[in-house]
Amino acid sequence: MFRLLIRASALALLVIVLGLVVVMIMAALSSIRAFGWWFLFTSIWDPVAEHFGALPLIYGTIVSSVLALLIAVPLGIGAAVFLSEVAPPWIRPPISFLIELLAAVPSVVYGLWGIFVLAPWLRTQVQPALGATLGFLPLFQGPPYGVGMLAAGLILAIMVVPFIIAVSREVLLAVPDAQREAALALGATRWEVTRLAVLRYARSGLIGAILLGLGRALGETMAVTMVIGNRAEISASLFAPSYTMASMIANEFAEATSDLYLSALVEVGLLLFVVTVIVNALARLLVWSVGGAVKEVRE
Amino acid sequence: MADGIIVRQLHAWFGALHVLRGIDLTVDPGAVTAIIGPSGCGKSTFIRCLNRMHEVVPGARAQGQVLLNGEDLYAPGVDPVQIRRRVGMVFQKPNPFPMMSVFDNVAAGLRLDGVRNHALLDEAVERALHQAALWDEVKDQLGKSGASLSGGQQQRLCIARALAVRPEVLLMDEPCSALDPIATAKIEELIVELKKDLTIVIVTHNMQQAGRVSEATAFFLLGELVECDRTTRIFTNPRDRRTEDYITGRFG
Amino acid sequence: MKGGLRRVVNRMMACLTAFAALLVVLPLILILAFLVYQGASAVNLDFFTQLPKPVGEPGGGMANAIVGSLTLVGLASCLGLPLGILGGVYLAESRDRRLPWIIRFLADVLNGVPSIVIGIFAYTIVVLPMRRFSALAGGFALAVIMLPIVLRTTEELVRLVPASLREAALALGIPEWKVMLRVVLPTARAGIITGVMVSVARIAGETAPLLFTAFGNRFWHHGLLQPIAALPLQIFAYAIAPYDDWHRQAWAGALVLIVMIFSASLVARIVTRGRFSGLR
């Protein structure tokens, strides 16, 4: 009886996940039928004419996430290396604690800060400066709105960094001390030990950490919605407003006037779901593989 | 030309725990010195002081003099990193770098030193693998992962890795305890060959092994050096009662 | 590389990594400082006791949002906690071969699903059939988010309870479910509470899934079958609105929200501090 109860509870999870997939596919069906593959490649998002193409959303999601990673990965892995290899033991608890706090701050609070602190700062200081110095690059052209791709990328970076650090740190700590000793005994400096024995050994795990960060960035909704400018257009400039898949859903779902509109939004959600699941699954595989290499050496 | 080591009044601590007390010991050049003693007697701590690996552990420190060819390794201003080039180490469990090939493992120390020339690296790696009696077994598999070899081969790979930078001394911390008898025998043969070019200090809990490979043996107990003498003397006619008790198996 | 250069590189990398760590912590300090500065001045008794005023009128508070958030968390826990804890016990105890592996994998998958997608799920399952936004829908969405966290934490914790303890109880003839209820779960209690607090902290801050399930409400909700206000929703609505007074209140709301979340995390830590040392 007891066994049945706990098994049923576990099965509930199975039912929920399967249910989620099935329900979403069904809800997205009319949009899928109406637009087919072109949904992924067209740029028109017109609720009035009922013509939907998700390309600008895909673009915005990818670019903002990549931008976030470009900032968060070096900082995150650097900080993880610091915590795991360089820092004296007494520094680790406070900094780890602070980083955990960073991870606990809700998205909407980041967004609030983004609207009232980050965006104005970008608009008045950073973007004019960038435009003046590097304005010949299409990346930094256009009027300084403050909100836009750059703001979204920065805020995503801040939000993703704690996850990258947490996972990277675990991965680095999983590297056996015997490896570090081997490098040390060869006459390596602390950095060389890290480079040779630790980073190399943990490489796939670190890539996993990066992918986990990517997964997080792709699905992040509120903070991005609040600072990205909410315009479904593809632009080469980081100053331009943009739109992500998650933000579109957040803004439009409750207001969707027609069934096809709703279905199109669900299809966007389905797309987001598929991409994040794949990225997360890959990430987990890689993170677990660091444990695998340990088995090899023991043999 | 191999160098000898003279240890004077070496003390070591883990935090407040005093693990080595005033060790005075001479390690003869071109010979194998075995360190024996029961668990916890400080023998591993001792050899880790010889290449200044002991102090790497947070809270650990050492004090005293360790003279390698007359130079004190613990003199102020001495860079531990440089010392470890001259005093190499092989560990109890083989620890080759699994993400590197056999070749890269052996070349690792040389590359750290800045050697880039392929010809030089090839030659040094081949020489080291010959010295470690591993060349014949891996010469066609230099590109394979360091971790793909058997346990005994991995340990010889680690020895080759240590030898590639031409150290003056080789420290071995129970190098055979994770290996089967055949692999052990191969390494013991190797040690006997190596002592022609190097000074070797080997920690072992296997007294027969000490008897087979070493010229001198030092017996440690509770952080103190009880007795150090020619191996034949220690095992047949030890001076100290405690040594005799250990050797005859009354404890340990 | 010469020895000197290697030493320099070593020191430089140490500095660079330290700098990275500093840069990472900096935004947190900035955000928290700003939050406290802006929010503290805006928080007053009205905030906790009054409803939002009509558009354009200054003043008012977020009393309904605070109560709403607590309600939603409570609702979510009613579904998420029992399923999560029992499911976690299953994963730790079961001798089945494939099912536990599948469940674990799916729990990890669910964990990574963006919360807005879970909102869509809750919308389709609860809001559409009921034809209205409701607290139930919001609670369901949050429960789905909470479930994998509680599941995995409980599993980990129950595993940590030494087998000897269980075997001793079983050997005394005590039925399995009683062993679980009276022996294993109490021993793992501290850790399970941590898992619960962690998941509560997580869902308390969630906004996206509530946007079209709980939907928000400018007044008190009447029953669980109506839209309900929630703190994150209110903060969002006020933040993007054009009224300065609303912005001020948004900061206050953010401060209160953060305090709630950090308290939950703190409780989680404190509970595990002493009790846990025997198990880990």
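Note that the chains take the letters A, B and C in the order they are written out, and that residue 1 is the start of every chain.
Convention: contacts are C-beta pairs under 8 Å (C-beta built on N, C-alpha and C of every residue); 3 or more make two chains touch, one makes a residue touch a chain.
Computed from a predicted structure; not experimentally measured.
Enquirer: Per the contact rule at the top, check every chain pair and give me the one with the most C-beta pairs in contact.
Expert: Counting C-beta pairs in contact per chain pair, the top pair is A-C.
Enquirer: Measuring from CA centroids, which chain ends up nearest the centre of the complete protein set?
Expert: A
Enquirer: Take the average of all CA coordinates in subunit A, do the same for subunit B, and state the distance between these two points in whole angstrom.
Expert: 48
Enquirer: So what's the Cα centroid distance for subunit A and subunit C, whole Å?
Expert: Chain centroid spacing, subunit A to subunit C, equals 19 Å.
Enquirer: Using Cα averages as centroids, what's the distance between subunit B and subunit C in whole Å?
Expert: It comes to 53 Å between the two C-alpha centres.
Enquirer: Among the residues of subunit A, which ones contact at least 2 other chains?
Expert: In subunit A, 189, 192 touch at least two other chains.
Enquirer: Residues touching two or more other chains, restricted to subunit B: which are they?
Expert: In subunit B, residues 81-82, 112-113 touch at least two other chains, as defined above.
Enquirer: Which residues of subunit C are in contact with two or more other chains?
Expert: Those would be 6-7.
Enquirer: Sort out for me which residues of subunit A touch subunit C in the complex.
Expert: Those residues of subunit A that touch subunit C are 1-3, 5-7, 9-14, 16-17, 19-20, 23-24, 27, 74-79, 81-83, 85-87, 95, 98-102, 104-113, 115-117, 158, 161-162, 165, 189-192, 194, 215, 218-222, 226, 246, 249-250, 253-254, 265-266, 269, 272-273, 276-277, 280-281, 284.
Enquirer: Provide the residue numbers of subunit B that touch subunit C in the complex, in ascending order.
Expert: On the subunit B side, the touching residues are 79, 81-82, 112-114.
Enquirer: What residues on subunit B touch subunit A, complex-wise?
Expert: 51, 53, 56, 58, 81-85, 88-89, 91, 93-100, 108-109, 112-113, 145, 147-148, 151, 154, 158, 161-162, 165
Enquirer: Residue numbers of subunit A touching subunit B in their complex, please.
Expert: 88-89, 176, 178-179, 181-189, 192, 196-197, 200-201, 203, 293, 296-299
Enquirer: Note which residues of subunit C are touching subunit B in the complex, please.
Expert: 1-3, 6-7
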